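Look at the two complexes coming up: subunit A is in both, with subunit B in one and subunit C in the other.
Coming up: the complex of A and B.
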């Protein structure tokens, strides 16, 4: 009796849902969005698939479609693809220049709504059309893996603050904080590079921070675990401070934000003659000065643009009960800053 | 007329109450309670969880007092207070409650499967297979149900660790400032914890099946404490992970948090997590169907197996009529409310009635 029941169940349960065999589907690994030229449609999307060859190499295959919704694009792409399209493997989403100025919220929302899309997707903006970025041939492991790794190691070791789809949407929904996205540019058919960070007001891009500001930007919005920075000294000497660890503390009292930045690092390269303790002190002082000056400049710039990527509003909210966001919006325009930086050079390498 | 005691070979050890209580408490409520309580009390809502947990300890204590005084389960207590006929009529209400409870759990879980994994899965056939498994377990007797409760709690326990991935992307300053909400808001949030917490009242139904029931009380309290702590920690991680407006849009925050999990051998962890959640849901449905069928047996004096078939048939026929998110949400709300009324209003009333009857009966004897 029990056995019969079991057999019955096996028969009933198999074939309840569609099978998806890995070799017989197209997994969307990257996607680029542009504004459509045809005014009837809204978006033009380029979907990137990977095709694994028997000799372990990867072929990048792109399909483009246009439509008013993300689903329309997928439908358009499905019409061209020989296999069903699934979105579970998405790693990178690139937004073209016009679309990021127009607003990206609809697409972010659609990513969030899709149960099969992960939270670690990197969302980036691009200098030229997202379609062109998708259509390159970067590296040997496929375009999306290339761009993904490019951004990942720049977050881990360099000047890009921590970001992914989850953080982008969290900042978007946070009152008192604005979103930022890394910005990339295709420089050759087989190369892309990071050229800065796009700053957003709500979901519209308003400003692009160039590379030279990124170090200070990351000091303000994130913490470093392995940064590096070159300090110019007198007589044209240079010292490279490496393995930078940083932390920031922000306190807002009576419309005055005091920002404390703590930096620890070691000197790896020095072009002068002798690295005496005076020189080390000099490096510390110079770096402190520089950080204070540049961070203040950035904060002032954000204030003028009316954006708050540092999340000062959110910080004020956590420090004050009965926080009134409406009032804050006015207060932010007249908010005063002071930035204090403290640099500790802990080691100077294995020689003195 | 004295009731027949349950033979010892059918009873369970006191410590197993821990698994029974916890496994029926943790079910579908835990998938989305963070959002509901955050709507009332914002990010102070974790205080409400602790408060609700505290209140439940009192109710558990009351349940044990009722059962001890009446010398049996809720049917005995009703008979003790209101006599045979009215007592049975009162007990019959709870058949409906537990049918609804199992229905809610099952339908909500199927909705999760449909939204997150297989949109085309058939509600009826999945419930049919699930219910067939439940019938099979329940026919094994109460001890088998307890066994399933044990495994349904211990095997998926590792899922708790998977929420650790979210910590790396969390900002615990979100929780500040503490006490930014009024007492009233905090209490409303506590009230809305009902759906996540209910289930512990099952003790009042399987009390006669516990060997040395007095010893089991500490395990029941321990179970409630553990659930409270798990809920609080999970809520704190969730609050740190999401921003407040973002959380208010997540229907199942606990599942959304799995989207950040990254393992070398699995791209989307949700699929593993939700498949594992089946094991957490199984004891929920089994215990509630068992209680409903047990009540049918006690009230109408028919065989429990017939009762099981009746309950299963009822669930399988009603489940087809619930299709949309709105309907399922309403069902969840209702069951939460019913659970609240039963636990926090009816049980104290019953307690008072039992105590008064006890005094009256003592007086008569003299």
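Coming up: the complex of A and C.
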């Protein structure tokens, strides 16, 4: 009897799972959102699909739709697609300039609620309309892979701090921390580049950090494993510090935040005559001074904007038992900073 | 003359009637030249070595002085000569290759002289459990020969050989071997009892015994290990396990066993422990791979496209683009093709089998991909899975592994990865419940026995193997003194 019941269950329950056979679905790999021109709708979304050719090349196909909710957009797109549209392959979500200033969290929240969307989706903002970014032809492996890899390797080796859907929504919900997103720009029909980082107050974009500040920004919010920075010395000489590893330590006592940044690196290029230990010391000093100055400038700038992408409030919360967020908001406006940087050049290449 | 003879043998008539129909039943009468006593020799010609009768029995019985049955013990130069007066033994003795001697003066007594014809195949290389290193002897069909191979490797009086006769028709001799001072008495008793309870008329091979005495006959897993290597049998006897030798079978059974033993080849003991541990782990990986990879392919492609890495997506989609079937049909088609190839290869002579392999592997595989019936990714997966299933050192277990794939496939199609997990749970439940001779089959994994891990998934060096497996509950759990064994002394120390 028990066995028969089990067999019945097997047969009855088997109807409950939806089948999504890989080659019979349209997998959404990228999406771009803009504000709708028609005031009735809220968003205009552009969904990117990949179509694989027999020779394994990829054709980018985009469908656009508009609506008040993300679901409306998907319904619009399904009407145009020959196969059912599924969202589990999403890699990149791009937000256009107006919508970023208007607020993006409703859409990010809907990503979070969709169980088939992973946590490692990159959320970025764009200088041009997101639809135009989606409609380019970048690389040979498809637009979404191109943008995804572009951001990934810049996080791994260059100046973009670590970010993804999970980190973005954590930063959004955390008291005492504000969100930031990488910002991209389409510069030609087959080229797209990173132009900076968008800083958010809650879910509204308030400022764009240019490329030149990103090195210092990453020192403050993330740790480096393979950075790169050029130091100007006297007489117009230049030294390139490579393989930078950095760590920061932030301590907030009373109304004073002391930030310690530790940098280790290797000098790989030097335009002067001889790289003596005095020169190395000089490089270390110069870099320390520069980091201290620029980081302080950035922190002051955040303070003026009333945003906290470094997460000072959150750090204070972890260090103080009786943390009151209401009070902190006022305290932040008058918070004093001091930045201390310690640079250690470990190596100067294989020749003296 | 003829009438008179039948009259004299009236007492034997009943059993003789049943024999006389057989062409090989022989009964011949002679007169001793000195005492003129008339005696008869009765035997089954097909079981008898005629040379023994001609050279060893007849000349002595005819020429020397011989008047009563007791005399044959002195006269006949054969070691096994018995005298008895129980007519019920006659049939059994004749069928075991004895020559029966009767004298007209002593109808109550019979002499039996052993004269069996021993046809023994020469020793050959082990074919299923071949190893590059180590002894190259394998068991043959003759029990005497097999016992000799084992006894030679364990020349101690503690090695006990007990013999049973099983099968109402086949009268197969079955011997159980164990070390008296090591093996747990309970285990031996269980084997004895199981063998005594066997009710089957014709036992022609040890495989029958495996199926008849294993704890759970409905399990796809073999619960007795069969081996054709005498060195392996000697090895496990020293560990405290029991061997069952069946006459007429070149495979000796080992019990109690554990699951991991089916994935260890005896060659593991001939190699350095690092190498053999590595090979064992590879084999276990191969088993898991072989069972799971095709179901995972089906589950992922049917239900979980999210799990596919973005770089692999294009390969999978392009390879499946032209395929008209859903993944499950495609997978079943290829799995069945491989099973057909294996079955056809096994039934055909070696030379033809190779051709089939080439035809199947290359022609059918390539052609079905080109015709757009199967995707080439799946072809690689199925071929690798089949290859992996052949790494199992015990043939019987290899078959089980290949069978297990199909329920997994079925549930993968039904419920995706959830189905695979469900199926795995059922399998695990079954394995934890399984016993071999009442001892847990999944030991040392479950119940966890850390001491026995020394020779399970990995094999530690011999110095670390100072204790016998504890799940056997041996009488003497210590193999050697570990402290003394540790030192490797130079000669001048």
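The rule is simple: the second predicted complex is superposed on the first by the 334 of 352 C-alpha atoms of A that agree within 3 Å, B and C clash if a C-alpha of one lies under 4 Å from a C-alpha of the other, contacts with A are read in each partner's own complex, and residues count from 1 in each chain.
FYI, contacts are C-beta pairs under 8 Å (C-beta built on N, C-alpha and C of every residue); 3 or more make two chains touch, one makes a residue touch a chain.
All values reported here derive from a predicted model rather than from experimental measurement.
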{"item": "Which of subunit B and subunit C A:5 touches, first, second, both or neither", "value": "first"}
{"item": "Touched partner set for A:29, first subunit B, second subunit C, both or neither", "value": "second"}
{"item": "Which of subunit B and subunit C A:118 touches, first, second, both or neither", "value": "both"}
{"item": "Chain touching more of subunit A, residue-wise (subunit B, subunit C)", "value": "B"}
{"item": "Which of subunit B and subunit C A:21 touches, first, second, both or neither", "value": "second"}
{"item": "First, second, both or neither for A:167, with subunit B first and subunit C second", "value": "first"}
{"item": "Partner chain in contact with A:54 - subunit B first, subunit C second, else both or neither", "value": "second"}
{"item": "Partner chain(s) touched by A:145 [first = subunit B, second = subunit C, both, neither]", "value": "second"}
{"item": "Partner chain(s) touched by A:88 [first = subunit B, second = subunit C, both, neither]", "value": "both"}
{"item": "Residues of subunit A at both interfaces, subunit B in one complex, subunit C in the other", "value": "13, 17-18, 88-89, 116, 118"}
{"item": "Partner subunit A, residues of subunit C touching it in the complex", "value": "300-303, 305-306, 308, 310-311, 313-318, 320-321, 323, 326-327, 414-416, 418"}
{"item": "Subunit A-touching residues of subunit B, taken from the complex the two chains share", "value": "115-118, 120-122, 125-126, 128-129, 132, 136, 169, 173-174, 176-177, 179-180, 241-246, 249, 256, 259-260, 262, 267-268, 270"}
{"item": "Contacting residues of subunit A [partner subunit B, same complex]", "value": "2, 5, 9, 12-13, 16-18, 88-89, 112, 115-120, 162, 164, 166-167, 169-175, 177, 314-315, 318-323"}
{"item": "Interface residues, subunit A side, partner subunit C - complex", "value": "10, 13-14, 17-23, 25, 27, 29, 50, 52-54, 56, 58, 86, 88-89, 91, 116, 118, 141, 144-145, 148"}
